[in-house]
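Paired with chain B in one complex and with chain C in the other, chain A is shared by the two complexes that follow.
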Partner chain A sequence: MPLIEVENLSVRLAVPSGWLHAVHEMSFQLDRGEALGIVGESGSGKSMTALALMRLLPRGAQVSADGLRMGDDDLLTMSDRQFAQTVQGSRIGMIFQEPMTSLNPVYSIGRQLTEAAVRLGRMNPTTARRRAVELLDRVGIPDPAARMRQYPHQMSGGQRQRVMIAMALMLDPELLIADEPTTALDVTVQAQIMELLADLRRETGMAMILISHDLAVVSQTTDRVAVMYGGELLENGSSSSVLAHSRHPYTGALLRAIPTIDGPRRRLATIPGIVAAQMAPPKACVFAERCAFVQPRCTTARPPRQIGEEGHWARCILPDAAVARIDQGSLLPEPAENAAEADLMIEAQNITKIYQMKSSLFGPKKEIRAVDDVSLSVRRGETVALVGESGSGKSTLARVILGLIDATQGRVRLQGQDIAGMRDTDRARLVQPIFQDPYSSLNPRRTVAEIIARPLQLRGVEADERMRRAREMMDIVRLPTRLLYSYPLHLSGGQRQRVAIARAMVNRPEVLICDEPTSALDVSVQAQILNLLADLQADFGLTTLIITHDMAVVHQLAHRVVVLLQGRVVEEGPASRVLHAPSEEYTRLLLEAAPRFGADLPVTASAS
Partner chain B sequence: MSESTQSRPVVDPVSGRTPETEIPASPGQLARARAWHHRGFQVGAGILLALVLVAIFAPFLAPHSPYQQSLPNRLLPPVWVEGGSWEYLLGTDHVGRDYLSRLIHGTRVSITIGLGAATIGLIIGVTLGVLAGYFGGWVDHSVSFVLTAQLALPGLLLAMALVFFIGPSLLVVICIIGALGWTYYLVVTRSATQHIRSLDFVAAARASGATPRQIIWHEILPNLSSKIIVIFTFELGIAILAEASLSFLGVGIQAPTPSWGLMIAEGKEAMFYRPWLVVLPGMCLFVLVIAANLMGDGLRDITSPEEKS
Partner chain C sequence: MLSYIAQRAALAIAVAFTVSLAAFMLLNIATDPAYAIAGEDADPEVIEQIRQRFGLDRPLWVRYGDWLAGVLRGDFGVSYYWNKPVATLVAERVGTTLTLAFSALMVTIAIAIPLGALAALNRNTWIDRFALWLAVSAQAVPNFWLGLILIILFAVMLPIFPVSGDHTWQHFVLPAFVLGASSVPPVMRLMRTGLIEVMGADYIRTARAKGYRSGALLMRHALRNALLPVVSVLAVQLGQKVGGSVITESVFAINGLGRLALQSILGADIPTVQILIFLFALVFVGMNLLADILNAALDPRIRIG
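Presenting the complex of A and B:
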């Protein structure tokens, strides 16, 4: 008998313009000890599914299902009170994406760990405490007994996520739901947490639902994968089967949109269009609008489930073979190795940036060396990747080069001129930034046209000329010109990032500094932006400094790599060498931590 | 959808708009659209608008002159009390002036002072707040010190002392209430500016060579405007009450100018026998201030729906 059985679960949310069908007739089963991965881009309904199982949906949400059973219990008819006492937290545990906000900052770790167990009367305070210490030890928190008295702010993000896992395990749940448990963490920490979850599952025999936007992460740790899109389950099967023989065009497109760490560099496959909100129950294939294989009957009726071997099914009318025929992207040109004689565009010499902090008005000064004696040079036409985890000083270094903050020591030269004596507008013509978060990089009160044309306005370019150039830039970054008068609130994340790129490019700068340009975006959107950046590099001979923690992005774009650790350069060299034969331990660690697919995947297999 | 089938887009030479260009609602338009559905805002704004119209057209609305004394008709009760007359709808005061006419003209004083003082406070508070929030460092430290000092002073007492030394007049009262009522603007705009300044679009503007002045005007102030309007309506109510208090204490508006605070002061001796002398101007104050606050509450909900509790 399966542990969890979900039959035709639907969730709809009240929004100002009607009902948003977030999840539509979703069915799945989960056996004891089994791990199911639910994969989808933002807005696919994967989190809503989890929240519906936990009865944590936002107010105004309506749930309906034909069946929702856990073992012998019918979760549909259970009262809220009984659910809270017997299921929530005790039989189903949950960990969330954001470890920084999922612990209460004013209570100690110990109190938060033991609270639920004691309140539900499962344990007395002493046994609860003992169990909490054991669990903290198990999840890898050093000196657990002392940590019980600490507060969340005294721990790092990775440690907090470990505490959250310990908390979810306090009552020995039969099912653990992990909603993007590692998205907010550094790569190396990500790998550790995923490993910990896999170990715990083996030890305790609990079942797990892992929700993620990252197919690679999911495929490594789960037995089965369910692919969601537009609130519907499109494909479901064993992880190896889904990855090796994806039966739905959406899964195939997603797989090909993910950049790889090795193999020849190709243009990434992209999925045109954006995820549409389902304002009515779907009557046709939800993916039809964006599907490369769309046929007339896709838009008239919901495709049936085609069941293949071992219960691997897809909701698609295509025969298997068709999906396998998805073309590989064209090869990108090999990076020109002959860049040594080109002009030096960025020359950063011995940059040190020290932040001084005072704990109180009269307290002692504390120094933080964000960047410690880093030298960096980038030649014309070259793309250099600055790799490091949070706290490595990579963003600080970028801001020093952009002239946004002053270095404590050292100097920056752009095209041979010292940045210190340069006029702001001259510097702006040379170097432009693209930031990580497309939601904070655009002024919410300005239209797209105003945002793109603003750098021109600052140079005193006339209104019609500004408008002409803004339209031209929108063409270059492939934004439809009908969005000229839209405000950022009308745009999707990918569209916003294109506006930011257009704004940076409008004055035709020589150097582009991209600070994690795609890490806030969905996989399919990331592919579009990475392709766009590759095109811009080729078309405009741009020099690019790209800051990232993602080795696959490095492989996709960079000629040369500089690895930063705690403000210092630990390794530097051509991308092909650093990615394949890293000389430093830390670089190797970063490479190993990066999630990747097994060797038997079509992405590499069909390339031959 | 307005997908046009024209093959050659017609470009408007001035705006560069083509027929297929979408012109979606701006954040401001969306807020205005929400305003029409917010009951509190409707009521508050409606009353406030009505009172502003009363203030503007006071000479045409008032049945008598607010200054015309008539000792034989002194201390007449309102029409619904025994002894009242339709001639003097709301009765007369201790020197026989028509109470209704004085209340109508009092609207002028209250609204002038409210708008004037709230505007002066806005200019001082927003300027200091944006500068402190944007530049930080010693600018922030000095502005914060001025703020702490201001908050430590007993406002009404200081206002009384100042009016006493400078001499009472409408302009002096406006300036003094305004000069003392900027703290709320400062606190809010300072922290909001600090937040906006840390966002990437400000960094992007700096990277494209914008000066602090251009950033403040083009990037920061538009994002503060909704917050500032909300504070303005609250300060409007506070300034109106401050004027009434000063006038009541005899250092605000001077007789014979009709001011609601002054009328309460004049009527307080006879409060137990002729309560309407105090209740009527008190009611007017209450309605005006509550209308301003309702409008402020509504504006807050409308402009930042996520902060609605």
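Presenting the complex of A and C:
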């Protein structure tokens, strides 16, 4: 008997414009000890599925299903009270994406670990405490007994996620649901947490549902993979089978949209369009609008499941062979690494930035060396990647170079001029930033046209000319001109990031500084932005400084890499060398965290 | 923790003295104490004599220094108007005012916290709208009017409580309700928004995933977080009740500090007014200090930096 049986689970949410069909007739089974990965981009319904299983959906959500069983128990008919006492936390444990906010800030770790077990009467306080200390030790928290007295704010994000895992394991659940457990963490910590989860599963024999947007992570950790899109389960099969022989065009496209650090640099496969919200139960293929293989039949009826070997199925009318035809992207030119004669565009010499913090009004000052004696130079036409995790000082350094904050020591020269004596407008013409979060970096009260043309307006360019240039820029970043008078609210994340790029490029700056330009975006959108940046590099000979934690992004774009750790440069060199023969242990750790399954993809002859 | 309290206390006292300095300067510039003591139609010579007798001819800063030294010794000066030491006047009334203020605070807490919680947990339902209506109404009703209406209803038409005075606990029921009701709207709203925010927090979802629901979820995970901002506001409200019960004390003829303040102001009794302002400032900063300490006690993020 399977542990979990879900039959035609649907979730709809009340939104101002009607009902959003977040999950539509989703069915799957999970055996004891099995691990299922549910993969999808934002809005695919993957988290809603998990929340529905745990009865944690927001108010105003409606769930329906033909069957929802856990072992012998019918979860559909179980009362909330009984569900809370016998299933939530005891038979199903859950961990979440946001370890920084998922623990109650005002109670100690120990209390939060033990309270549920004691309250449900499963353990007495002493046993619960002993078990909690054991689990903390198991999940890799040093000095666990002392940590029990600490509060969440005294721990790092990775440690908090370990505490969350320990908490979910307190009552030996039969199933652990992990909803994007590592997305908010640094890459090296991500790898450790995933390893921990895999080990724990082996030790305890519990089943696991891992929800993630990252197909690579999921396929490495789970037995089976379910791919969701637009609330619909599109493909389900064993991980190796889904990865090697994807039967749905969406899965195939997604796989080729992920940048890897292996093999030659290619244009990433992109999926045109954006994820559309399903405001009615789907009567056609939910992916038809964006599918490269769309046929008339796709838009008139919901495609049936085509079941193949070992229960690997896809909701698509195409024969398998068709999906394998998805093109590998065309090769990108190998970056010329010998740019030694080109002009120096950025020269940062011995930059140190110290932040002084006071813990209390009269308390002693604490010094934080965010950037510690870092020198960096970027030549014309070069793309340099500044790599590091949170707290490495990479964003601080970028802000110093942009002139947004002053360095404590050291100086920055842009195209030979010291920025200390430079007028803001002159500096802005030389160097422009693109920030990580396109949701907050655009003024919500201005139209796209106004946002893009704003730098021109500041220079006193005439209105007609501004409009012409804004249109031209939208063309370059491939935004449809119908969006000219839209507000950022109405744009998707990828479109907003294009607007940000257009604004940065409108004055034709010499240097672009991109601070994690794609880490807030979905995989298919990230591919579009990375391709766009590669095109801008090639077409305008742009000099770029890219700040990222993702080695695959480095491989995709950079000529040279500078690795930062705790404000210091630990390794520097040409991308090809650093990515394939890193000399530092830390660089190796970062590299191990990057997805590596690209080489396994079936390579088909590409026409382009 | 201790050093944190010590810092806050030092700051609080500094603020109180700054307020007293400003009050002293303003009072002595705006009015001429000698005129006030002499009364209207007094001879210029008499006024001059009074000025010399009370030392009012000396520069302002010397007189402030004198006053300050007195306060630090515990000598609050003598009231011109009552011809009694100010300390005696205050001591006679402080108990009454504190009783009134604390009972009013209890009224506020008893109404505002459950009402705010109820509104938050039933957001956008008729309960929420009713609570909001109640809050707006309470804010719109002036204290003296509510006081008079309550007197008519519960002292005259239904003689449950005495009309005025301050001899028994029954005397305090109506005024405490009037004074407490005025603080209900801000506290209730804060409780409502605070709890709505907390109930949407990730850690509440975590608690629900551990099997916590309804009552236990509220009491064991949500309430403490939601109360953090409320505690600060309650402390400020208590400060206001001690210093700002002038109208309520007058309506119910309660012989407290508020009424004393009113009478001293009308009688241009500068020494009393000066001390009262200083005391009210002290209570105010004291309450803020208390709020900081309570917040630190409730929130480990403040306690353990």
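Some points to look at:
The working rule: the second predicted complex is superposed on the first by the 598 of 608 C-alpha atoms of A that agree within 3 Å, B and C clash if a C-alpha of one lies under 4 Å from a C-alpha of the other, contacts with A are read in each partner's own complex, and residues count from 1 in each chain.
Basically, a contact is a pair of C-beta atoms (placed from the backbone, for glycine too) under 8 Å apart; a residue touches a chain by one contact, two chains touch by 3 or more.
These numbers were taken from a predicted model, which means no experiment stands behind them.
Bringing the complexes onto one copy of chain A puts chain B beside chain C with no clash. Of the two partner chains, neither chain B nor chain C is touched by A:284. With both structures placed on the common chain, the touch criterion links A:56 to chain C but leaves chain B unconnected. Of the two partner chains, chain B is the only one touched by A:442; chain C is not.
Looking at the shared chain after the overlay, A:344 reaches neither chain B nor chain C. Superposition on the shared chain A places chain B and chain C such that, viewed from the Cα centre of chain A, they span 30 degrees in steps of 10. Residue contacts after overlaying the shared chain place A:80 against chain C, while chain B stays out of touching range. When the two complexes are laid on top of each other via chain A, the two nearest Cα atoms from chain B and chain C are 5 angstrom apart. Counting contacts by the rule stated earlier, no residue of chain A appears in both its interface with chain B and its interface with chain C. Within the complex formed with chain C, the chain A residues making contact are 54, 56, 80-81, 84-85, 87-90, 93-94, 96, 98, 101-108, 115-116, 119-120, 151, 153-154, 164, 167-168, 359-363.
Residues 13, 15-18, 20-24, 26-28, 199-201, 203-211, 214, 218-219, 222-223 of chain B are the ones that touch chain A when the two sit in their complex.
Residue ranges of chain C in contact with chain A, taken from their complex: 3-4, 7, 11, 201-203, 205-213, 216, 220-221, 224-225, 228, 298-301, 304-305. Interface of chain A with chain B (complex): residues 399, 402-404, 423-428, 431-433, 435-437, 440-447, 449, 454-455, 458-459, 464, 467-468, 471, 481-487, 489-490, 500, 503-504, 507.
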